Amino acid sequence: MSQDQNKNSQVFEGMANIGKGMATVMKHFGRKPVTLEYPEVMPDLSTRFHGRLALLTKSDGTDLCIGCKACAKVCPCNDLIQIEMHRDEDKKPVIDQFTIDKGRCIFCGNCTEVCPVDCIKMLPDFELSGYSREELVLDKHDLTLTGEESDEWRQIRGMNPHVE
Amino acid sequence: MSHMYLTGFPLLILLLAFAGVMPFLLMTIAQIVQFKAPGKGKYTTYESGMEPFGDARIQFDVKFYMYALLFIVFDIETVFLFPWAITYGNLELDSMAFMGMLLVEMTIFIGILLVGLIYAFRRDALKWQ
Amino acid sequence: MSEPTNENAPENKEPAPNPPQETPEEKGPEPGEFGKLLAENGLTVDPLGPDAVGVEMIGVAPDKVLDVAKFLRDSQITKMDFLMSVSGVDHKEYRESVYHVYSVDTHKSICIKVKADNDHVPSLMPVWPAADWHEREAFDLFGIIYDGHPDLRRLLMPVDWIGYPLRKDYKQDDPRLVWNER
Amino acid sequence: MVELVSVLKTMAVSQVQSYPDWLAQLFGFIGVSLPDDFLLFQWAVILFTAIAIVGQAAVVFMVLMERKVLAWLTQRIGPNRVGPFGLLQTLADGVKLLFKEDIMTRDQDKLLFTLGPALFFLPCFVVYALIPFTSELLAIALPTGALLFFALSSISVIGIVISGWASNNKYSLLGGMRSAAQAISYEIPLVLAVLAVVLYAGTMNIRDIIEMQNNGAFGFPFGFISWFSIWLFPLSFIIFFISSIAEVNRIPFDLPEAESELVSGYNTEYTGMKFATFFLAEYAALFAMGALTVCFFFGGYYSPLGGLLSETLKIDVILQSLIGIDGFAGLVRQLEMISWMMLKTYIFIFVAMWIRGSLPRLKPDELMGFSWKFLIPLSLINIFMIAIQKYWHVTSDLTFGLAWAAVLVLGVGGFCVMMSRHFTAKLEERFKPALT
Amino acid sequence: MTATDVTTPQIQIPGVSVEQDTDTEDLVVNIGPQHPSTHGVLRLITTLNGEVVKEMEAVIGYLHRSKEKMAEGVSYFQYQPTIDRVEYLSSFYDHYAYVTAVEKIAGLKVPKRVEYIRMITMELNRITSHLLWFGTFLLDLGATSPFFYAFRDREEIFKIFEDITGARMMYNYYRFGGLNNDITPGWLDKVRYFCDWFPDRLDEYEAIVNKNPIVMDRTIGLGLIDRELCMKYGVTGPNIRAAGVPMDLRKTNPYCCYDEIEFDVPVGERGDVYDRYIVRMKEMRESLRIIRQAIDKIPGGDAAEVEKLRQAVAAKEEAAKAKAKETGEKPEPVPPINPDFEFKGQKINLMTYKPPAGEAYTTVESPRGLLGCYMISDGTPKAARVKWRGASFSNLAALPELMIGQLYPDLMAIFGSLDVIMPEVDR
């Protein structure tokens, strides 16, 4: 190997190799650019993308969440997911508030994995910025999807499409 | 067209004045229009995010100036070569003997330069450290 | 890692109800390959059994660790020339300095545990110079003092930090911490 | 001021009595008839304005071109937001830099810190006076033009060293020191390479050198065959090109501002307009160097197809027959000249950008070694070679032809072999610690 | 800190004399923490004489985020996402070390399919890591284009990762005894396509860099590392292999399924910067070779096929249940699909998962070298101790010795060639 290099350190071969390298760079000159012009062209994201957090609902648009707080327990960030709930007369859980501080979320996806009813999900949407910190705290209204959207996502994710 | 050779001098002065004044002009305009947002950290010297220690204006090793010395020698000799080149380049066939003499002179001259360069090379004057 | 160091290690270790290192005196695990070798050469060590991966663990008294380390490094059988890491461990009552050593030639590794005597452990830098930064780190985070280390300063924490953060009894109540001001 | 103007005017009046006819054509075209007393001073002002506009426009375009070319070489799009195809990008950058805060730290030498960029800028712009954009659009055609060019361009180093020192920043200081060493080292091969051209042409006037190349000075009346690039090709041109890239501090010779080592070198501490001045001056210098390469080696403002196309194709006659306007020969010729000049210059600028996209940076010791141990001896041998070749050319004496061949083979070949041995020896020396 | 505090032991290198002239002053430069070529927040207090480095001390800890302390405060599963941040350029390796540590302590059985998918992702991750190194190394040397080319090709791998993990850098994909999710249908074809597409790109890189005289001048014979130095500082990975020591845990202590795969361990001759470059380039090709074999050998094959098998089993179970309902007997047991085809081993409750007491030191051959995870479990849901042995930590320790007597610009070549990443050093 060192023999090779000695040979190549010679003046003319060095120049030839520089030429070769420059020609290789020039090969790229006519190639199609690989960059995407983002706001006009959206990237093609995987359906599993760890993006916007959302709460799926039943097909009729009622809450799917049972308030078990499993997501809050496995979240690596302290108090990121906060759930306020109470039980109505039939001992059924009613979710009063479901808050996620998106500004502190690390999008690990732990919450989506432990959810026993497949309620909390991450959608392939990465445009999550806001103009203030307050804007980044999502409440239940911001998080909840409609019934149709939920069905659509369940279909895309290969889950049971209709949940009653 | 010989007159054009001299026409340029006023123009050269004009360009010199322009090039001399323009940076200051731009800087002055910038001073007037710029947005100022003073901050404490802004007015320290950049040293990779740390408070700088020691002075930057230090005494450098003499090896750095070796090149300057060599450069002066070579640059002056190059300047000497220019008139020679003009004379040599304008000669005609009828002054062949003179031309040969010029060639020999130049050979000696360049030879001395080369010997000097080799000497400097051998003495490690061209080592960057 | 699939059993790199000890052939005797069980293939699928069942969850052991009693971890070996907790009750070494009562049960006294059998000395492994290296433990026997050390014993043959007059260096007594506490055999602590293999760990979950199968690496043999030995417990060594602080005053003997340099000899053991030298033997492990120089012996033609062991050839333990590569110190992988030095980890401090806080067991609440005492602190431990754990050395994981690997042999580039025999591809085997060993774990040496040294109980700190009042937070003092001899530095293994004379045997394995690679211990330099690792020991500084353990000093930084656990307060284990490595005697004989030439340059025992804080490594990861700021120079003026108070306390040893990875100790179990460490409290994050330094008034200078930014998040305490909120 | 009034006296100065009058003095200049008197100077001008005494020198020349008329302005070029193509200027009258141009003004006639836009419907302005020149006054009778329109003399040289006014002509100089017009010329100055033209050069300033051409020069600044060239620089502004080059900044965009650099970014675009580097983007295309790496499969990116490049700036395309400001204006059509991003054409106004440089303007936007300039405006941004204008509004940026001009920060000066406590420890800096305020005067020198301000003077540095200006001193760097001055020569880079003044050398435009020496570049013949066309045979007429030329501020000053000095008999010693080439020499003045190098004299001026070496001033800019002082600007770099001053700003590096005044910054009171260690990186700036190192950048300044490196820059000084580099600029002086590469100036010698640069000048020696031009010496070969001067020897060939027998004049230092840049315009005359261009004219020489296209006058069939070597018995080849046809365009590029008579250019100096053909006759001085491998050695002089390559030495000149490499040295000129080194002189304008571009990759692979951009050590004064090596961003991975010295952060940004001598302009680390500069912000706002002062930085913009450096920026402008660097590109101006690159343009000047490209233009000079074209002037010395590639026939300047002439067409590669021989002489001028407009003369050969009689475009003015065709124009006359088409639109019926008379006497455009001069104007058309000027336009063609400046087009060729710009085209050729931009080709070299493109090559410089291509090199920037491809090559890594040299080490300072290699950089200095490359100049002192390689380029300078080679250019000395080259001069010797050219001199003998010239002799042969004049006398047609075959012995000199043989001598030329001998110098070519023994001198250059021997030198290259020697250098190869030197490098090989150095490599072996480097390997030694690992091999033993 | 002042200049006098620099107390790096003076190490003499034979053949290099660092003479001190009384006439010249030394320049003490802070390189970092905010410097373009320290790849993060490393601070090198360097004493320069002219441009020669006389002394150097590395100051680390600017990126210390107490990852080891965090492990003691959260549950095993909760800690997992933060591992990605320990070493974000090749976080599959950290995950693997962590997950296997837990698996070994708990004695969890891992399906073959899982191991193969882990192997493919890890090797792809090695390529991304080496590509980033390639780009930044050449950017440090001053070449701009390779940086963009490397990022262009990393993007392709990121797309592959994004398909199965949903993330581009912070994967959080491995689970104790399995994976987060099975691979997507057609994913293996994408990987295979990448394996066919990428060698041409590698050829292009090598055409640009390998024989370039400037690169060779700047790298050959510089930063010599030999076996003793590696042992002295614990240098591992391509750095030790460039020194001619074939220390590769994939070969010597095979974990995962590396013992079923054929591959070579590229070694260098001299142990200089150039050799490290060559070794990394060759390793990328070896990685491709491993991936190709793994794709062919993966149990169950494509996700769609496994899904078909799964559906078939489910259908049989349905039928058995229906039959049992009719007859009123117990449903016949249906043979499940091969357990090696599953992407999850034993069913465990991640939320409250606690391995039994025990300890394990798992080592992985990460792109930067030997990555160790020392885990002590005391039987509670929180780990008693997690110690990360980052390869960069030890590799960086060798830098000051390598730099003494070298020129300042060589710092970028030598430091770059060690492939140090600061989050792994500081953790």
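Each chain gets a letter, A, B, C, D and E, in the order it is written, and its residues are counted from 1.
Just so we're on the same page, contacts are C-beta pairs under 8 Å (C-beta built on N, C-alpha and C of every residue); 3 or more make two chains touch, one makes a residue touch a chain.
All values reported here derive from a predicted model rather than from experimental measurement.
**Student:** Smallest number of touch links from subunit C to reach subunit D?
**Tutor:** When the steps are counted carefully, the minimum from subunit C to subunit D is 2.
**Student:** Ignoring subunit E, split the rest of the assembly into groups that are still joined by touch.
**Tutor:** A, B, D | C
**Student:** Which chains sit in contact with both members of the pair subunit A and subunit C?
**Tutor:** E
**Student:** Which chain's centre, taken as the mean of its Cα atoms, is farthest from the centre of subunit C?
**Tutor:** The most distant chain relative to subunit C turns out to be D.
**Student:** Weigh D-E against A-D on C-beta contact pairs and write down the one with more.
**Tutor:** So, comparing the two chain pairs, more contacts are at D-E.
**Student:** Measuring from CA centroids, which chain ends up nearest the centre of the complete protein set?
**Tutor:** Per-chain C-alpha centroids ranked by distance to the global centroid put E first.
**Student:** Indicate the whole-number Å distance between the mean C-alpha point of subunit A and the mean C-alpha point of subunit E.
**Tutor:** That gives a centre separation of 23 Å.
**Student:** When the C-alpha atoms of subunit B and subunit D are each averaged to a single point, how far apart are the two points in Å?
**Tutor:** One centre to the other, that is 14 Å.
**Student:** Taking the mean of the C-alpha atoms as each chain's centre, how many Å separate subunit A from subunit B?
**Tutor:** Averaging C-alpha atoms per chain gives centres 57 Å apart.
**Student:** What positions in subunit E touch 2 or more of the other chains?
**Tutor:** 1, 27, 29, 35, 51, 145, 149, 152, 208, 212, 214, 217, 220, 269-270, 407
**Student:** Going through subunit A residue by residue, note those that touch at least 2 other chains and give them in order.
**Tutor:** Only 2, 5, 9, 18, 21, 25, 28, 34 qualify.
**Student:** Which residues belonging to subunit C are in contact with no fewer than two other chains?
**Tutor:** none
**Student:** Write out all the pairs of touching chains, ordered by chain label.
**Tutor:** Pairs flagged as touching, ordered by label: A-D, A-E, B-D, B-E, C-E, D-E.
**Student:** Under the definition above, what is the set of subunit D residues touching subunit B in their complex?
**Tutor:** Touching subunit B from subunit D are residues 8, 11-12, 15-16, 40-41, 43-45, 47-48, 51-52, 97-108, 114, 117-118, 121-126, 128-129, 138-143, 147, 165, 167-173, 177, 180-181, 184-185, 187-188, 191-192, 195, 198-205, 263, 268-269, 272-274, 276-277, 364-365, 367-369, 372-373, 376-377, 380, 383-384, 387-388, 390-391, 394-395.
**Student:** Mind pulling up the subunit D residues that touch subunit E in the complex?
**Tutor:** Those in contact with subunit E are residues 70, 73-76, 170-171, 173-174, 251-252, 254-255, 258-261, 263, 356-366, 427, 429-435.
**Student:** Applying the document's contact rule, which stretches of subunit A touch subunit E when the two form their complex?
**Tutor:** Interface residues on the subunit A side: 1-2, 5, 8-9, 13-15, 17-18, 20-21, 24-25, 27-28, 34, 45-46, 48-50, 70, 73-76, 106-110, 113-114, 122.
**Student:** Quick check on the complex: what are the subunit A residues that touch subunit D?
**Tutor:** 2, 5-6, 9-12, 18, 21-22, 25-26, 28-29, 31-35, 37
**Student:** For subunit E, which residues count as touching subunit B in their complex?
**Tutor:** 1-3, 21, 23-35, 38, 43, 49-52, 407
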